[in-house]
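We call the chains A, B, C and D, going by the order they appear; numbering starts again at 1 in every chain.
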Amino acid sequence: MGQAVIDSLTQSNQLGEVFNSQNEVTLEKLINSHAKTIIDCSIGEVFLKNLPLYLQAKQKVVVVATAWYDHLDEVKKLVDEHQGTLFWADNYSISMMVYKRLIEISCQMLKNNPEFDVYGLELHHTAKKDAPAGTTKQIGQLILNNFPAKKEILYDLPQGQITPETLHIASLRGGTDNIVHDFYFDSPDELIEIKHSAKSRKAFVTGILKATEFLNNQKPGVYTLKEMLAVKAAP
Amino acid sequence: MGQAVIDSLTQSNQLGEVFNSQNEVTLEKLINSHAKTIIDCSIGEVFLKNLPLYLQAKQKVVVVATAWYDHLDEVKKLVDEHQGTLFWADNYSISMMVYKRLIEISCQMLKNNPEFDVYGLELHHTAKKDAPAGTTKQIGQLILNNFPAKKEILYDLPQGQITPETLHIASLRGGTDNIVHDFYFDSPDELIEIKHSAKSRKAFVTGILKATEFLNNQKPGVYTLKEMLAVKAAP
Amino acid sequence: MGQAVIDSLTQSNQLGEVFNSQNEVTLEKLINSHAKTIIDCSIGEVFLKNLPLYLQAKQKVVVVATAWYDHLDEVKKLVDEHQGTLFWADNYSISMMVYKRLIEISCQMLKNNPEFDVYGLELHHTAKKDAPAGTTKQIGQLILNNFPAKKEILYDLPQGQITPETLHIASLRGGTDNIVHDFYFDSPDELIEIKHSAKSRKAFVTGILKATEFLNNQKPGVYTLKEMLAVKAAP
Amino acid sequence: MGQAVIDSLTQSNQLGEVFNSQNEVTLEKLINSHAKTIIDCSIGEVFLKNLPLYLQAKQKVVVVATAWYDHLDEVKKLVDEHQGTLFWADNYSISMMVYKRLIEISCQMLKNNPEFDVYGLELHHTAKKDAPAGTTKQIGQLILNNFPAKKEILYDLPQGQITPETLHIASLRGGTDNIVHDFYFDSPDELIEIKHSAKSRKAFVTGILKATEFLNNQKPGVYTLKEMLAVKAAP
């Protein structure tokens, strides 16, 4: 992801300095770079080590690194103490953010209508190494949290009939570029299907660059895609 | 629709008196009926004439009749003056209500992302007499109101290339029981598809009976599916 | 299935005698029934026992009973010896027969184009007791027989990355009336999706009645849906 | 299309000489080029003028140029006289060829089952200049030729209810890269949906290069995708 972001910023002449293992971050380098915003595409551990430096250098931060979310509270506290400005997301696809919100709202609006069942499918290319996908598990948990009739998730092939309390989500592997989620709210008389396809990984780069631009106009604080799209949604 | 509602209420022993052209509504009959709620499946004109009687008889009202919406403000005022309780909807399908909300939210969250295009399709059975469907036109207007990049709707077959400001919605006719809406939020890198199917007309009867039940527990006021699903969605 | 066939024949005044455990089949009863065609909706064992009687009574036979296919060769021989006329199918849905043919042809036309991958999905209602469905396994085998790049079928949730030789078919359980098969022929540049939905069990009754009608005009022999649709396809 | 083919052949070191308006075709140049196969990506008029030269130079020909099909009989005769070898297609997508065959077979197998209706949709990107697409019109004609219940095609928005003899095909315009055809064979009890998506224009280049390779092993004659896929489909 990091290289794709670098390529995009280079193309638009917006790239300043690139830090990596050959050019490690120091406070002095950060200040000399005159960058307004740091895009951290490292890993969780490295991000947590460097965050104090970014904040001391008074630079805004867009966090692409993952695997640090257990430390979210500390990070928020640290950013607040420094009156810093930080953006984070576990998935920078704008439409996946919208998609999750659509699933959440459907659950909330339909949850007291027992004639509706919920179930879903994810389809990924054959090079995908795990099943179900990480994003799929997040969506499964989102449904469990918002649709009380479902008490547990089954990702495996059912052995016999499933119970009404089981949310079944199937994983399918095929093709070279599929990244698809497809969920159903289904009653005997009506059906809503909500489907998301990421056509390419560019979707994530676009989201990162939009987050960077969004931060330019924000007051100090910690932001996610939720705030970004909500602000954009205001009249 | 009226007969299907009558059949359903009869089956569940909930039906009181049936008024029609052979048994016209009067204040005296209404009071003697001891009905808690009137379900008005007439036409707009008849509903407007009888509403004052319903209100004087202190009965709650579920309005299935259409073609009176130009008088909505008067109706609201009249209900308020009598401290009455009234429910209305132009489409009693619960999932269509949810569907419209999903379209609205998608527009609001994506409207400032110019890489997203919006377009849609409706498919109805071959007995359908008009194209596009009335519900389709409502959805089209909803998008126009919430997605500023679209300035006009084209329902016809395009003559040449369409402009970016045109929201194209196609109508397809085929099969014996299709009632489908399918809308797309589509960028070069990502796609959200939101699809609704009414499998049978029972969806509308279910919604009417749920609205009737919902009114039982409401204070005086004018309600729509929006309030019903919002209340139901509360924890 | 038997009762639905009886209901349909009764409605159209085509039903003769009904045999069951209270009214067991004998040669005498068969001859006295003056029926032109026997529709056997029993089980494999009972069908095999009664077939000689049908043939001696010179009646045509439509076999709905299953679980006798290991004896197919004996059955064919017996029918030939009596110059009888028999129709059988493991699935009487006409469109499922067409569907299988479409899958077969796609395999045959694309099998030497290694850029194409094949994979599929079946979705059945939550009351379904087994996974994958029997019809799904037949389709899987059909692909294995006609698309040499695929050597084995995986119905389970993948553990890690699948091999190119694996045909992955996922099963999804949800809703009250879904009976869906959906298969994909997918290259990096092109995609064919072939989807079948049985909307109700009436599809099977329709197929049985059409087979009965079809037999009226056939010479002695053993027939399946393949011959029926081929004859119908002739100019 | 021509440039994309040139790029592909260049990458694989298979490209010989390129002829165009700066380097016009002559018999001498053709012979000196030592090319085995000419890929003609010009226009119909130019192709017809140059074909005799290709044949005299004893070179095989893959015709990508369109708008010469009124002269198909003459072309076939000329190729036969020279014992030449020529391949032509109006659409070089392999899967579109398969797709048309699937539509044709479905029509033939279902045409005597009056409970089945046929209808379809095409979706193309917003830069598309015409509606319906050329390929869509070919598919419409294919259905008319093979499904006798349909007597005429309606591409426009229906004015009132359509007749059972009308094949309705809708065109939808939206997004940046959609090239989709979606056709339905739909009865009250069963549904077959057959959908084709060209994900990119590379599909056409792939088909052209496969046709070129295919011609290497063919005896003199005139070939189309039909023969190519049939040969490939043989055991």
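Criterion: a contact is a pair of C-beta atoms (placed from the backbone, for glycine too) under 8 Å apart; a residue touches a chain by one contact, two chains touch by 3 or more.
None of the values given here were measured: they were computed from a predicted structure.
Visitor: Taking a step as a move to a touching chain, how many steps at least join chain A to chain D?
Guide: When the steps are counted carefully, the minimum from chain A to chain D is 2.
Visitor: When chain A meets its copy chain C, do both sides use mostly the same residue numbers (more than half shared) or mostly different ones?
Guide: Same; most numbers are used by both chain A and chain C.
Visitor: So how far apart, in whole Å, are chain C and chain D when each is placed at the average of its C-alpha atoms?
Guide: That pair's centroid distance is 35 Å.
Visitor: For chain B and chain C, what's the span in angstrom between their mean Cα positions?
Guide: About 42 Å, centre to centre.
Visitor: Among all residues of chain D, which ones touch two or more of the remaining chains?
Guide: 177, 187-188, 191, 199
Visitor: Identify every two-chain combination in which the chains touch.
Guide: A-B, A-C, B-D, C-D
Visitor: Per the contact definition, I'd like the list of chain C residues that touch chain D in the complex.
Guide: Listed in rising order, the residues are 93-99, 101-102, 105-106, 108-113, 115-116, 185, 187-200, 202-203, 206, 210, 229-230, 232-233.
Visitor: For the complex, give me every residue of chain A touching chain C.
Guide: Interface residues on the chain A side: 117-121, 126-132, 155-162, 164, 168-178, 184, 186-188, 191.
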